[in-house]
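Per-chain residue numbering starts at 1, and chain names A, B and C are given in the order in which the chains are listed.
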Amino acid sequence: MKDRYDKYLEDREKYFDRVVRLGRRDFVKAAGAAAAAAIASSRLLPHSFQPVDVVNAAAPERSFRFAYVSDSHLYERTLNERFVRAILKAVDDVNALTPPPDFVLYGGDLAQLGQPAELGEGAEILKALKPKVRMMVGEHDWYLDMGEQWRTLFGKDVYSFDHKGVHFVVLNSVIVEDYWTGPKLTPMERMQAMAQLDNPNGRPFTVGDAQRDWLASDLAKVKPETPVIVFSHSPLYKIYKAWNFWTDDAEQVQKILSPFKTMTVIHGHTHQMLSNRIGNIHFHGMLSTAWPWPYAPQGLPKLTVRMNRSDPFDELDGCGDGTVDVFGNGRVDKQYNSWSRNPVRVSAAYLESDGATDPPARESDVNY
Amino acid sequence: MRTLATKSLAIGAALAAALAIPAVRAAETTVSLCDGESVMSIPGLKPGQVLPPDEARRVAVDMMQLWRKSQGETRWAAWTKEAEAARPEPAAAEEKQPTKFTARDQMLWKLEEKKWVEDGYKAFHNSKALGGTIGISCDMCHPDATNTHPETYPKFQTQLKKVALLRDQINWCIENPLKGKPLPDGDPALRAVEAYILSARKGVALEPGKH
Amino acid sequence: MRFNRVLVWAAALAVLAAGLARAGAPPVALPKSVPADLWELLIPPDNPVTPDKVALGRQLYFDKRISGDGTVSCATCHDPAKGFSDGKKVSEGVGGKKGTRNAPTILNAVFNEFQFWDGRASTLEEQAKGPMINPVEMGMASHDAVVQVVRADAGYRAEFQKLFGREATIEDIVAAIATFERAALTGESPFDRFVASDKSALSASAQRGWELWNGKARCNTCHPFGEATPNFSDNKFHNIGVSVQGRDFAAIARRASETPDPQQLAFHPDFTELGRYVATRQPKDIGAFKTPGLRDVALTAPYMHDGSQSTLPDVVSFYDKGGEANPYLDGGIVPLKLTEQEKQDLVAFMESLTGEGAGSPTRADLQPPKP
């Protein structure tokens, strides 16, 4: 365990090492940016030295942070209190963040079976979140009534917005081909078929033609240098088809996204830590508040540092929420607030360098 | 040289297709054998294109003929003979013990086994069938029975703090994440779930005690 | 360090499994229910247990001169008359100064992988050094001061010369005290007799309690009983929310998660509630305390690291309601929905863990030495 003083000396050495290489103008920029970053972040001690990378910021916008809560799979409280306790814990976590995040993303699958009581209960609970909430839909919310209740409660399922110089897009990436009309499934049967992750007859998620067209036209108005962050429930790449850790038209979607210099996708559905980079697109998964999925038997991106298996005795293990830091240049660091475990940060530098620098901490201490 | 020849004869057909070396010229691919001499071109095959299996086999057969021609008939005959002599005796088929049970019986057994596994699959995906009370089902943590590791039992189960069998752990899960009451040993739903889990791990070697 | 510990345990259990025969009887008489093989494996090779060393350690243990004002010995807070605790919520040291911790029992402490509620000491020797110089406990100026007191006594001089072949050093002093503690074992309780196949040894209520212990009440997850865990502790650290009561624990917990160095919060009034986190600096250890052993638990009220639960029924109710919510509550702590009868059964079970006969906590060789 390093002495505080040793760490101070180390940081100081690193700092001066880099400072020497800066030109005068950049030095002034760095000093200012470093001070701003120190204020913005809550983690830093006043005497720590800030990395000089901030000098490379292309855009003048200051960095900000948003939080996420995802995949709560709520049943009615009278049936299942455990999932309710979990989402309440996530709400507490977000509300306790200092400084408060700019907004909160809800990552989809608020309800387990899309029922009005479940969605209503979720909506009530999310009202307690102090920052503004941006909602995204998941398949468990949608397939009971094809999104009717969702739209009534939360509005559009597909939309975009701008925030502090970053363009955000929210997709409904759980569109599947019609599997219910032919066999004359009831709405609940349709929902339950979709709810089974390992359903051998499941249809793959897509963004779909119509939505891809909308995405292309929405992004046509955005300059390629503008940082873009896309929120999607399905991963927008292909991991494991049997569990729908998959977006069937991923390549086409990625084609629309790739012209943008700084492009990040934040996705739900997989209930685990996942990191990937395809071309210039960074992909980050979100934790679920309800339960963790095991890693798929194949298709795991090599950049992912796996979570250790979870302890079934511990209702919180493998679950969590988290935050996303957005820097001035649009680059994104993802922080996993993993309950019962130490937090893990997956940085843009790690993905950019293909795993060579700044690897996320591996779990050294297993829960069981 | 002899062993090389035998090997070539025995597996040459399979290797021939695998050794296809795409030529630089467009719309044509050249394949060669491991002797480095026998070369054949396949018109219409673009570099990087994959042959369908029957075509590949035909190419392999043609390649062997090419090689045979280059070696001469006497040598071919001698090597064929050697290859056959080298081929191991087909293992005496394990004599199946005579049984009074007929093929029809076996079919009926398979049907019943299948039913157990299907019942288990259903209970695995529907916690009410196991007495669960909060809507959490086994497949939520174990899609396709992932991470169940039935081949590692009996082992010291850390949740139970003692050595346990698979069904003991199933019962623990019923009691804890599923929030039901543990089922008695003979319960059909419990046994069906065990059957499904075991069937999902078919072919995996037994490793009791593996953690 | 941790990895080595795992190796030691693995080796220990391998030997246990192999059933290696040990030459001769153990150096001191052990209660029948204590696994002798395991006990012997836990004795450090550089501090073997001998009857003479136990006697010397016992003398030091009860010696009030090893304190700033001559009023406090180890036995003041770890009192044989009170199950080797002191019956107080938190202990009081020199000058009646109040600490922040409930005194854990030394009985069977040899089976703890870590000592202190936050586990910062990994041996009994290391632990013994702490209270001596703690200003609110024994209040000695330094370990040198302790050594001076011991060297000044002719009786000690002779004993140390005999046992260690030199003048007393602090290492030798704590070695002797630790040896006394290693011999302070209890057992042969009604539960032990039940496990050894005397089914009449436990009342029906206690037997139901034992079933609940391993079933609905989930106690065995952290307080297991087995060959390798005779003391009902998993030797791990859990946040069950004790720190929340009467404090704004969430506030310091969240501050701690954002402050890389916990020592920065040392002057915060609730600093001691950070528990294991102070030793490991792992955010998941915030507010986590060591799972204590439970033998003789009926004698060591009040309970928890701050003595906040007065009786065993209080403890059971605390767990039944799911502890106290806080940002780092162990996810295994959930409401149990026990019936009144079930709660009583659990208490009856815990009361059956008190040692008897050769394993009694009140036997003669654990009492203060005759002057």
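The criterion applied here is as follows: contacts are C-beta pairs under 8 Å (C-beta built on N, C-alpha and C of every residue); 3 or more make two chains touch, one makes a residue touch a chain.
Keep in mind that what you see is a predicted model, and the values were worked out from it rather than measured.
Once CA atoms are averaged chain by chain and compared with the all-protein CA average, the nearest chain turns out to be A.
Just to note, of A-C and B-C, the chains joined by more C-beta pairs in contact are A-C. If each chain is reduced to the centroid of its CA atoms, chain A and chain B end up 37 Å from each other.
Note: centroid distance chain A to chain C, computed from Cα atoms, is 44 Å. As a whole-number value, the distance joining the C-alpha centres of chain B and chain C reads 54 Å. Of all residues in chain C, those touching 2 or more other chains are 218, 221, listed in ascending order.
Multi-chain contact residues of chain A, defined as those touching 2 or more other chains: 82, 313, 315. Chain B has residues 159, 176 in contact with two or more other chains. Chain C contributes residues 214-216, 218, 220-221, 224-226, 229 to its touches with chain B in the complex. Interface residues of chain B, counted against chain C in their complex, comprise 159-162, 175-176, 182. Only residues 125, 133-136, 139-144, 146-147, 158-159, 173, 176-177 of chain B touch chain A when the two sit together in their complex. If you check the complex, the residues on chain C that touch chain A are 2, 218, 221, 250, 254, 257-261, 263-264, 281-284, 327, 329-332, 334. Of all residues in chain A, those touching chain B in their complex are 75, 79-82, 112, 196-198, 242-243, 291-294, 297, 309-310, 312-313, 315, 368.
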